[in-house]
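The same subunit A turns up in both complexes below, where it pairs with subunit B and then with subunit C.
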Partner chain A sequence: MELAHKIFVAPFWEMSGAPDLFLQVLWEGFVAGTLYSLIALGFVLIFKASGVFNFAQGIMVVFGALSLVGLHQLGVPAWVALALCIGIMFVLAWTVERVVLRPLVNQPDIILFMATIGLSSFLIGLGEFIFGGEPKTMITAELGLPSGAIDFAVAGGFVSLQKIDIAAAVMSAVLVTVLAVFFHKTRIGRALRAVADDHQAAMSVGITLQQIWVIVWFAAGIVALATGIMWGARSDVSFALEIVALKALPVLILGGFTSIPGAIVGGLIIGITEKLAEFYWGPLVGGSIETWIPYFIALLFLWFRPQGLFGEKIIERV
Partner chain B sequence: MSQGSTQTKAADAPGGTAPSMHRDDVPQLHTEVLLDLTNVSLSFGGVKAIRDVSFNILKGEVRAIIGPNGAGKTSMLNVINGFYHPQQGTICYKGKTRRVMRPYIAAGQGIARTFQNVALFKGMTTLDNIMVGRSLKMKRGLFWQILRLGPAEREEIEHREVVEHIIDFLEIQHIRKTPVGKLPYGLQKRVELGRALAMEPDLLLLDEPMAGMNLEEKEDMSRFILTTNDSFGTTIALIEHDMGVVMDLSDRVVVLDHGIKIADGTPDEVSSNHKVIDAYLGVA
Partner chain C sequence: MKLAKLTLGIAVGAMASTGIAMTSAPGAYAAETLYIPLLTYRTGAYAGSGTPVANGMHDYLTMLNERDGGIGGIKITIEECETGYKASKGVECYESTKGKGALVYNPYSTGITLQLIPKAPEDKIPVLSMGYGLSAAAVGEKFPWTFNAPATYWGQASAIIKYIKAQEKGALKGKKIGFIYLDVGYGREPLPIFEALSKEMGFTFIKIPVAGKEMQNQSSQWLQVRKHRPDWMIMWGWGSMNPTAIKEAAKIKFPMDKFIGVWWSGGDDDARPAGKAAIGYKSVNFHGTGANYPAMQDIIKHVVSKGKSQVKDVSKVGENLYNRGVMNSVVMAEAIRNAQKITGKKNITGEDMRKGLETLNITAARLKEIGLEGFTNPMKITCNDHSGGHPMYIQKWNGKNWERASDWITPMKDKVRALLEAAANKYVADKKGWKTQKCS
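What follows is the complex of A and B.
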């Protein structure tokens, strides 16, 4: 009885008792959620076009951020470094298509998945070789990203929003909107979905798989770079960021592997739930709920909706 | 054409071709060679799928490729549109001898096709499936497309109009927004034809366009194929098992058996050929 009260009643009392605190936690969850969404988006792009779960997405985030900071340390102005990094992401996409994907055309998906694991090991090695292993600080101010916080008075207390978090949310929203429109309304977007559905048919109407793959890997690279900048601004730029990418897994299960809106909503649900759970229920079990609760939610979803919230329902005519 | 008119039959279809129209009614004067295959051989490891086959396809004709199962008909189509690469032989298309061939190059040269087992983009709507067929016709760069501004927007609208015409022609207005995975087989075949037509092909390859269809669906499909051939002058090569359909539709027929060409000629010539009868009846 005591325990049930602690689980089901006390936390909600706490929430209603201090709405400012509740809003603060909610906001933290929202910001974490947008970043999870961004990471998941990178996975979704590549999965949609090639049916490959790109294990290297996490390290692409680190690699993008490291390149940016590394170039700046070499004396390249921040904005030029950013442009160069976009270039690096393109070269990476092109190289991956040439060296990894093209020789493996028509191989089973699991082979391609293994190849991306190999790719991620390679990128870790390359990143450490070029930039060294020690954590770096993101060049937030140089890129014109705001710092400091805005405080709002709410219900007797106040809620403090970090400006960088607001910028992250806005940037994610813009990026997601552009990508969603691009992939649903344009020729290349249609071609991409066509490739995802049927390679042979796509080729027969004149779509070149190679071109499509470079485009999606490049898009995923841009998303990775943006994620790297935003995560890097909140913590340090280090290889530990790669672990964050694993949070994308529950997000993908929740939202569906093939859905861009799914990645967004899934990310927000995971972000908000984990922060709320950590803050209000964490003390009951000694904390660290946020490391496992996303996977727990994902598991629940697998029971009821295996294709995810927005996943394409598999249509099978028998 | 309105939504309700999808049930209307041939009489008021675009082009007005009646389904019963027989090829013999129309004087055929095809002389220009569009595609010429000479001594083509294709093998997979030790399996010889096509052995030393030569035939041509004339501009504007309907050419049927027939033969028992495993005769190499689909392999032949795959060779023509670049999925397979014959080990021997030359292929001459529009007067130029091919060297390297890839499906997207073939598509760029005006070769469109449908597949035996319906290869559609199942998660996409009918409209989007056919729009994909316009891929090669749309040229605006990535940059404009991302912005979805000006020229790219105009281009999108232009091509959408063409696609709407095709949808009207194939009488599939009522399924414009339906994901094709949900459609019955006969309609999927029709959407696939639509996607191929959207490429405005010079040579249209149809792999068993009427497989698994009932009589009415077959009549509709025959009508679409004939109208495409008559009104747009599209050259058509088709594989079909229904002999009635082959006789009605085609100008000339090539017969394959075990990868070898055993007959070539008008439907009447071919149907009275002993080798053909033997191959179909299984005489040793």
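What follows is the complex of A and C.
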């Protein structure tokens, strides 16, 4: 009885008793959620174009952020370094298409997946070789990103919104919108969807598969760079960022691997629920439940929608 | 053909990922050499803390080779093995190097230390876990092959509580002390002593674990801190957990001068990313910072400026975790000298090294002689006490570097020793055939 009270009653009492804390937890979940959405978007773009789960997306986040800070440390002005990093992401996309993907056209998906594992190892080695393993501080001020906080008085307490978190949420929203529009309303977007459905059929109607792959990998690279900047500003720029990127996995399970809206909604659901769960229910089991609760939530959704919230229902004729 | 190209590319990547940890160690070693394998991590999620420690350890030993021709006229062979802070990789490194005549192992991970403790007596190679690892290993009678001087985690935890008590004018009853820790063996190690002291002194102890996968994502944990409003916060973090925690503490406006990190949460790169918000943050230390010591100047002269170090920026020499690595190598080098003196042999074995460690006595005069006067407290290890429970101090981040913020604090030896002995007895009781030793 006491346990049931602790699980089903006490947390809600706590929420109503300290609304400032409740709102703060919601805000933190929202910010984390927008960043998860952004990371998941990188995975979705590549999955839609090639049907492969890009294992290297996490290290692309690290590589983008390290390149930016590394170039700045060499004396390159921040905005020029950012432009150069976008260029690096394009070169990476082009190289991946030429060296990794093109030789594997029409190979089973698992081969492409294995290739992205190899790519991940390569980028880790290359990143450590060029930049070293030591952490770096994100050039937040140099990029004109805001610092400090805006505090609101709420019910005798306060809610504090970090300006960098607001910037992260706004940037994620803008980037997601631009990419969603680009891939839904443009000719390239339609081509991408055609490629996602069937490589060979798309090629037979004149769609250049190679060009589409370069575009989606480049878009995923931009998303990775943006994620690296914003998460690097919240912590530091190190290879540990790769672990954060894997938070996209439950988001993808929940939202569906092929859905851009799924990545957005899934990210927000995971972000907010994991923070609420850790804060209000975590202490009941000694804390540290954030590691597994997103997977638990994703599994709950899978019970009812095996293809994910917005995933396409696959019907195969036998 | 195309697939062959791809395979080649991946192989080059894999080589690049491991090549960074390769050092100048030869494949076969001359008979006259002091072989020291260093289990380090310059890659992965914990490289931020592992790299400066590895640099300090490597550079001091290289300096002895360059300046003095080694120790006692015999060159030191240094071989780094990359563990990535993973216990499985650490054991792999141990197994692949122990046959080369290893004198001692520094695991630099509590997880790896726990794996190596049972192997040490079998292979007759001592484990030196300087200021980390299994606290109970301080009981030399039960753990003849493991050394954790200058103090255990339990000793350190008791010293922090002693410091806080002094700041609170001698009374901790009714106070709240929060403990945020990396939720692995290392972070959980000091829990028994904190819990025991909490009961005895009447303060509320609040545990807040951070999973390894969430160390850059700590907002929920710090909101717990905001909810509980502890009077003090103590941190047992490593790698990226440290700078993230300091930033999160600043976010919730926790007073930095009441936030104390373990000595592994006191890296310059831990405090620096938070900028001005980190000013006032404290951590424990047991050695000096900065490069204003003759031995440190010799490292710069003989190693760094000659390009024989992995340190590219000379300002990194003297940073806290770099000096931690130097301190570790000082303990190893002095134990080797001691072993050479005791045995009369220049080319010692792991067993000799154990004797050297067990009778180590680094006096103030000796510290001056090796160019490290005032760098640390004199250190003495005995058969019975492999830790020594040496004093430590609190340092404070001033925005640019660390400055001393307290006198030397001696751990609560009376309270800690009894708990250590109980834990050591329990460990031995659980291990059939465990070999102990008698100390007179």
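Going forward, the second predicted complex is superposed on the first by the 314 of 318 C-alpha atoms of A that agree within 3 Å, B and C clash if a C-alpha of one lies under 4 Å from a C-alpha of the other, contacts with A are read in each partner's own complex, and residues count from 1 in each chain.
Here is the rule we go by: a residue touches a chain if its C-beta (ideal position, glycine included) is under 8 Å from a C-beta of that chain, and two chains touch if they have at least 3 such contacts.
This one's a predicted model, so the numbers in the text were calculated from it and none came from an experiment.
Taking subunit A as the reference, the larger set of touched residues comes from C, when subunit B and subunit C are compared. When the two complexes are overlaid on their common chain A, residue A:Arg193 makes contact with subunit B while staying clear of subunit C.
Of the two partner chains, subunit B is the only one touched by A:Lys185; subunit C is not.
Contacts of A:Met203 after superposition on the shared chain: subunit B is touched, whereas subunit C is not. In the superposed pair of complexes, A:Phe90 makes contact with neither subunit B nor subunit C.
Of the two partner chains placed by superposition, A:Phe30 touches none, neither subunit B nor subunit C. Judged by the touch definition given at the top, the superposed model places A:Tyr295 against neither subunit B nor subunit C. Subunit A contributes residues 18, 21, 24-25, 28, 31-32, 99-100, 102-104, 115, 118-119, 121-126, 128-129, 132-135, 137-138, 149, 160, 162, 231, 234-236, 238-244, 246-247, 274-275, 278-279, 282-283, 286-288, 290-291 to its touches with subunit C in the complex.
Within the complex, the subunit C residues that touch subunit A are 2-3, 5-6, 9-10, 12-20, 41-48, 50-52, 183, 207-217, 219-221, 223-224, 226-227, 239-240, 243-244, 247, 251-253, 269, 272-273.
Those residues of subunit A that touch subunit B in the complex are listed here as 178, 181-182, 185-191, 193-194, 196-198, 200-208, 215, 312, 315, 317.
Within the complex formed with subunit A, the subunit B residues making contact are 81, 83, 102-104, 107-108, 112-113, 115, 119-124, 128, 131-136, 138, 140, 142, 145-146, 148, 152, 156, 179, 181-182, 184-185, 195-196, 198-199.
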